[in-house]
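Structures incoming, each one as structure tokens.
The two complexes that follow have chain A in common; it is paired with chain B in the first and with chain C in the second.
Let's turn to the complex of A and B:
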């Protein structure tokens, strides 16, 4: 009797603690950012909610800024190219390591080393690789007689965004590989056996067995990839600071610059809210696609 | 007002709550000053050395030091002011002093300086004093100063048939010498500097504008255009690396130390470390002026000590600042900075030739601003030189866009 009486309280406490944690860590900052995006804010009023409301002014001012269109286009390119290349290369590696050969598991583990490195360190290393004058990449290209001039990968505005994308792809491949490996392991072996008995070659097996069976995993990895890519801040900070002349700037870094370099916190928040809405849509798509999968 | 009273009542409550928790006997405890610094404890640095010595001389004052990263110190301080939980003392970058002062976040030091037997404002170099002055009142004390000079690889000069004792004195001479020193086959550029799109880039760009007779407030004028056109020619002619656009000053200077650039523009901070690994003879010279007999100009950098307005111990904090001021003679030899005041110390400066150049250059070092909207102004200038150097815009058009952002910032005075 006594136990039954106490249990609801215990359950509520067990539920309540993480809920309070979630509200404090996630919900409050999100709501706070949304509120700030409709207010006139500077660093000295950041803790007071009693600030003048300015309606959509921050959003309009954000889009009116020079470079806004360019940065949004960069963000789209950065996200689409990063996520698709990470997915394709990650999948290729996952398939490769899925074949049983000596050392496969160890090598796969070694690949993870890149993923656990902080973005700033990765940025520092790629900065050496991409350096125009004495960079590793240019030395290799020159050694192979592939380029006559040495491209300035990071400071040429036509190249800098793609250099940052390449570094980001490298950073994201291990994560994609591991998740897709888990997905591959979950595909029942007897399905493959059946396909083999029906005379399906490796291409047909991949197209008609592996890909359909992996649909939910691929959707999940792609959604997470979009979310992680839109969070990528420190790599850009370490490589180019969004430069030169915004050529490699993307929304997430720009939001930080607006809030903490020029103290346009309202506009920085407006940009963060737009990105949040987009990320929420991606997350919604992910939930929807996996629900379809479970219902089927 | 109500909010203030509430906050006060709340903080009193919190303090009394703490007092009940602490059962220690109420002895005449020393005053504790909270001090935030960008310096790290494991280095031989000014903040820690002076705080320790000051505590030994003033047993009634204890200084609690916290390290805050260079990139975070302004943001953290502003946040701390907003929450009413700031330190007593903090060092902030000198162009930010106006922003804090305009928001009434800093204690006005003018009355304290007027009574001080130690600090004499007349001894300050004009630049450092201007950097901590807002609307006629002094709100900070430069913790030291730095400025930019031209570093020269003497061996490279001689190899190119140039005389290192005759360093380039004008822009044209600098470009001419850079042409002779540049050797693409050996991977050597004539000059290394930084045109990065952050505050360091502004710091490096403004002296050129000022030397041509302009300044940040009239950046689109002929001086700004001349300076930017000059910078553009250095990059276009490949006298400086294209990576100048993404290199911080220390990165650019490292190429000079490695022998990949025959001249470099940087500050005194290079002397306390990087330069020691250079395998060549080197010297320093004043930054070149636009035309013979033209105006000398250089940048003025370094953080300033400020006392926050809501500090409970401004008098004790000011005593520490007096001690800092009294030790400026140690800035060069011990702390890798220039003194902000005219002094005869050190009697035996390290790198005496460089010291003479830097002290001479200090006379021409100019404050950025002061303006509470400095970050907006600076960002506009960065956008201008980066778009011109990447040929996305002509110098005049790029600077006109910058001026359109700067003008409103000049209007609003707070």
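Let's turn to the complex of A and C:
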């Protein structure tokens, strides 16, 4: 302890340089986004540093855009359905692979192959699976006599958002499963033995021991799930590009479209500010819940 | 009672295998489609394994100029990895070594920055880089932006490896007269090298598939990456699914091989880093 404190300059430099870099490349853009969200920024003013301030005009114009309500609703659905399904399926798989059998750890690790793949490739593969005419999903559903018609998952406005959600759930399952496995492994075995002695069945054990003891882990994993889901851009670009007519569009993709496709950079920034504020709140909750876990 | 438990384990193993197979079906479907002939791809109902092999990897690679796309991806991934390791290693060490209010604040900042979606940061980065003239070297611009995304992940993963090195080893080196930088470089870094290496490879693999920064910051097709190249191939009215799946297979196979070789270490690093 004493030695380490003799030269704090070394530690300050080692931590300071990367922090300055991160602030320049991440925090400054956040501030810059806030500034641009109050300015009139388009193709012509992008190079100049002097841009007219327009107050809350960008925010009002954003909410007045056709489809704004729809896209916010989509974002909420996309996030809530994705995160809850990832949690439930990830938890079920974690519980299953927690049973001791040969190859359990290896099989569990194989799931992460989905997580390591480039998002755009995953989008491309799912686009082919969802294809209306020759897609394998429709063939399987027809084979199981579940549908008679061939739904066009990606070009039907009533279905496209759910198709994107299914692909996103697939992407998020491995991460949820691995992190929840760690939480499960941390529950002391003697607690389970005591429950068994008292005659508790598997359902009661799960409800009254596993779930309460994993509360902090579940909170951490759920907030990470929200963070990753709100980062999802590649998958949407690969699958539907938010279409048809915004039916599968979500805020993080729309913000990019506003800035880079219709050059309404001021409005794109206003949307980004709202999303960044929400993300920061979730990240704060994540850090808080990991703290809780360490204290426990 | 021994026999039923052996049987139960076998049944569990079988169920586990089936679950993994269901999960990995999209991956299998990519390879199966890539190997089918165009006629077989559009057969209805689809065949679940290729009846006649039709290998077009060479044609797709040449026709879609994958050599230059992959080269650009590798260049950007390598640049990002080098810069991330240089910036992140020392920070991970300091954050693992001390525990006080300042360290907590720095760690909170790092985690917060990791949570920011790149698709929302890319607009101000584009405008700022444009004003600074950095878009004249667009691949370098992507390296800078991607490093900003990867440094927090690298710090979080490496911190766990540094935390495992006993503090006494560093103190002993200091007693022997080593300066702090010397003790860090000659004792701490070598002892944490496995964690650093695995985290660096993970950063490289993640950066190979980088998409939103490349798409937004690079305008010249000659400097563009493999993800953006695939986006162009995917188009809206495409029917060449065999070609697209071949492109995808060429792109992801090396990534999957590296991942398979390092699987257990990567999982160990992820689980240690994300929840502590």
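Please note the rule applied: the second predicted complex is superposed on the first by the 270 of 296 C-alpha atoms of A that agree within 3 Å, B and C clash if a C-alpha of one lies under 4 Å from a C-alpha of the other, contacts with A are read in each partner's own complex, and residues count from 1 in each chain.
By definition in this document, a residue touches a chain if its C-beta (ideal position, glycine included) is under 8 Å from a C-beta of that chain, and two chains touch if they have at least 3 such contacts.
This one's a predicted model, so the numbers in the text were calculated from it and none came from an experiment.
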| item | value |
| --- | --- |
| Joint occupancy of chain A by chain B and chain C, clash or fit | clash |
| Which superposed partner A:46 touches (first chain B, second chain C, both, neither) | both |
| Partner chain(s) touched by A:134 [first = chain B, second = chain C, both, neither] | both |
| First, second, both or neither for A:154, with chain B first and chain C second | first |
| First, second, both or neither for A:263, with chain B first and chain C second | first |
| Touching partner for A:17 - first (chain B), second (chain C), both, neither | second |
| Which superposed partner A:285 touches (first chain B, second chain C, both, neither) | neither |
| Contact breadth on chain A, by residue count: chain C or chain B | C |
| Which superposed partner A:162 touches (first chain B, second chain C, both, neither) | neither |
| First (chain B), second (chain C), both or neither touched by A:100 | second |
| Contacts of A:231 with chain B and chain C, given as first, second, both or neither | second |
| Listed stretches 75-83, 111-119 or 129-137 of chain C, narrowed to the one that overlaps chain B | 129-137 |
| Set of chain A residues, in rising order, touched by both chain B and chain C | 46-47, 131, 133-134, 260 |
| Chain A residues within the chain B interface of the complex | 43-48, 66-67, 131-134, 152, 154-157, 160, 239-247, 257, 260-263 |
| Residues of chain C touching chain A in the complex | 8-10, 12-13, 15-17, 19-20, 23-24, 26-27, 29-30, 33, 41-46, 87-88, 90-91, 93-95, 97-98, 106-128, 130-131, 144-145, 147-148, 151-152, 155, 167, 170-171, 174-175, 180-181, 184, 205-206, 208-209, 211-212, 215-216, 226-227, 230-231, 234, 241, 244-245, 248, 251-252, 255-256, 259-260, 263-264, 266-267, 270-271, 274-276 |
| Chain A-touching residues of chain B, taken from the complex the two chains share | 3, 75, 78-79, 81-83, 103, 105, 187, 189, 196-198, 241-246, 255, 260, 375-376, 379, 383, 386-387, 389-390, 392, 401 |
| Residues of chain A that touch chain C when the two form their complex | 3-4, 6-7, 10-11, 13-15, 17-19, 21-22, 25-30, 32-33, 36, 41, 46-47, 49, 93, 96-97, 99-107, 109-114, 116-129, 131, 133-134, 136, 139, 142-143, 170, 173-174, 178-179, 181-183, 217, 220, 224, 227, 230-231, 233-234, 237-238, 252-253, 255-256, 259-260, 265, 268-269, 272, 275-276, 279-280, 282-284, 286-287, 290, 293-294 |
